[in-house]
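In the two complexes below, chain A is the common chain; its partner is chain B in one and chain C in the other.
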Partner chain A sequence: MSEERGMGIIVETIARATIPLIGIFGAYVVSHGHLTPGGGFQGGATIAGAGILFLIAFGLGEMKQHYNKNLYSILEGLGGLAFLGMAMLGIGVAFFYNTLWHNGPIFNGRPGTLLSAGYLPVMNIAVGLKVFAGLVSAMVAIASYRRWGK
Partner chain B sequence: MSFIVAFLWSYVLWLVLTAGSEGMLWSTEELVAGVLFSAVVAFATRNLIGEKAGRFLNPVKWAGFVIYAIGPLFWGMVRANFDVAYRVITGKIKPGIVRVPVELENDAQYTLLSNSITLTPGTLTIDACPEEKALYVHWINVTEREPKDSSVVAGSFEKWARWLGR
Partner chain C sequence: MNRTFGGLALLFLLGVLLAVANPSTGIKFGPGGDEWMKYRYTDQYYIDHGPEETGGANVVTDIVFDYRGYDTLGEATVLFTAIAGAVALLRPWRRDGDE
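Presenting the complex of A and B:
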């Protein structure tokens, strides 16, 4: 299948080096969503960009060997559940009550540090996970959908 | 091994991004979070970064990269930029695609040489063919139609790429 091969030696080598960097930069954007510009969606889309770079640089054939539909489906559901779980934590007062910030054991540090802002960092990670898994799944599904040449 | 390489590679970028979280240095929570996130990223990309990527953990090679970047590569870029400015003003160009035979063994060497050739203006790598040990280079001023080695196109870059990517 000619469409399933990658883009050549230079693109593949650069992709090998940059995909971990894109991943960790996306993780930085996600985990500092309460401190710096960005957040769950932006960081998740960045990490999904790394996945799409893998898909384009190495081709669909290689992607199919490393992509597990059930795993990504579970990750996306897990992200949504973690978001809901954080929203339910303060249900004794109200839905979305930020109990971690007001009296909860962690995530109530001095504002401006990493472990502050209550449930926000956890929710950002949940949204980032969901967006990453969803976008990568969508792109793999679109790339696999082929009736063009047949 | 490749897990460790991917971990260190991403952890260094994390440290660069989060520098200044406590004074000029890093707060403990940033360091711990960096270890966690880098471990996740490294676990996800451990098969991607390559089995032999551990050779880039050699500090001698880092020094080599720095020397190469600020020495031959920077000087080549400055010189080639002036050359292209001269060709823009005078219009003396003779473009063409030449096949440049190279003596390289692995992917990293081909990538380093191709990117160096593309970074120096006037030459642009179009394709790298490891199976025929050649690069196809688009050249703004072809002086030699069938070069025997890469020195007319890239100067000393091939020697550096051979050493840095080994």
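Presenting the complex of A and C:
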């Protein structure tokens, strides 16, 4: 059971300081996906990197207390459904018609501002959520695979 | 014997690819000027009309989520299937018990 413990106190303290920073930077990359380089996949992978750092620094036992398999499955499915829902918004014209940008009540600002680009920010957030939940659940599944020693 | 044929086939494919990637016989690298509009007119359209048609200042995001959204949908489906397959295969075995 020694592999379920975390690493040393230095690593845990540094991880405690850097995990929020990594999460904030990932959220920035996701939410500015229509303005700056990056987007849903890259930002989601960055936030999942924060989760993986938590898993490695604090150990599997601590991770299992904060990890809920059903919640992460629901989050991943919810991200995909939000993506599809945004794509279906302009179904009156065509699939993937950006109706929020052309005649929507919100997200129709000048190009270059945060509240612009129609459904692109919402889709970025949906894909980021999906990638984050998927990568973290895959890493937890790999970490808790116990047929190595003994 | 099979390994010999496999190696020869790989060598032949490498030669074909080298001929294709040669600028004098195949594709060209770094097109500019007239060649840009001849070979990359689609890119020029995206660069010219992307921000006004989709509203996003990032042309890559415009293409990936708006012009070619089906591709991103398929990509998300591939990711979902990969995660589902990995998690399903990495479950504890039944005879490991008590999990």
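Just so we're on the same page, the second predicted complex is superposed on the first by the 150 of 150 C-alpha atoms of A that agree within 3 Å, B and C clash if a C-alpha of one lies under 4 Å from a C-alpha of the other, contacts with A are read in each partner's own complex, and residues count from 1 in each chain.
In the analysis below, contacts are C-beta pairs under 8 Å (C-beta built on N, C-alpha and C of every residue); 3 or more make two chains touch, one makes a residue touch a chain.
The model shown is predicted, which means the values in this text are computed figures rather than measured ones.
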Partners on chain A (chain B, chain C) - clash or fit: fit
Which superposed partner A:Thr13 touches (first chain B, second chain C, both, neither): first
Which of chain B and chain C A:Leu114 touches, first, second, both or neither: first
Contacts of A:Pro105 with chain B and chain C, given as first, second, both or neither: neither
Contacts of A:Leu21 with chain B and chain C, given as first, second, both or neither: first
Touching partner for A:Val127 - first (chain B), second (chain C), both, neither: second
Touching partner for A:Phe54 - first (chain B), second (chain C), both, neither: first
Partner chain in contact with A:Gly92 - chain B first, chain C second, else both or neither: neither
Partner contacting more residues of chain A (chain B vs chain C): C
Which of chain B and chain C A:Ala141 touches, first, second, both or neither: second
Chain C versus chain B - closest C-alpha approach in the superposed model, Å: 14
Footprint overlap on chain A, where chain B in one structure and chain C in the other make contact: 109
Of chain B, residues touching chain A in the complex: 6, 9-11, 13-14, 17-18, 21, 27, 29-30, 33, 37-38, 40-42, 44-45, 47-50, 53, 107-108, 110-111, 114-115, 125, 127-128, 130
Chain A contact footprint on chain C (complex, rising order): 51-52, 54-58, 60-62, 64-66, 69-70, 72-73, 75-77, 79-80, 82-83, 86-87, 90-93, 96
Touching residues (chain side chain A, partner chain C) in the complex: 33-37, 39, 41, 76, 79-80, 83-84, 87, 96, 98, 101, 107-109, 111-112, 116-120, 123-124, 127, 130-131, 134-135, 137-138, 141-142, 144-147
Touching residues (chain side chain A, partner chain B) in the complex: 8-10, 12-17, 19-21, 23-25, 27-28, 31-32, 54, 66, 109, 113-115
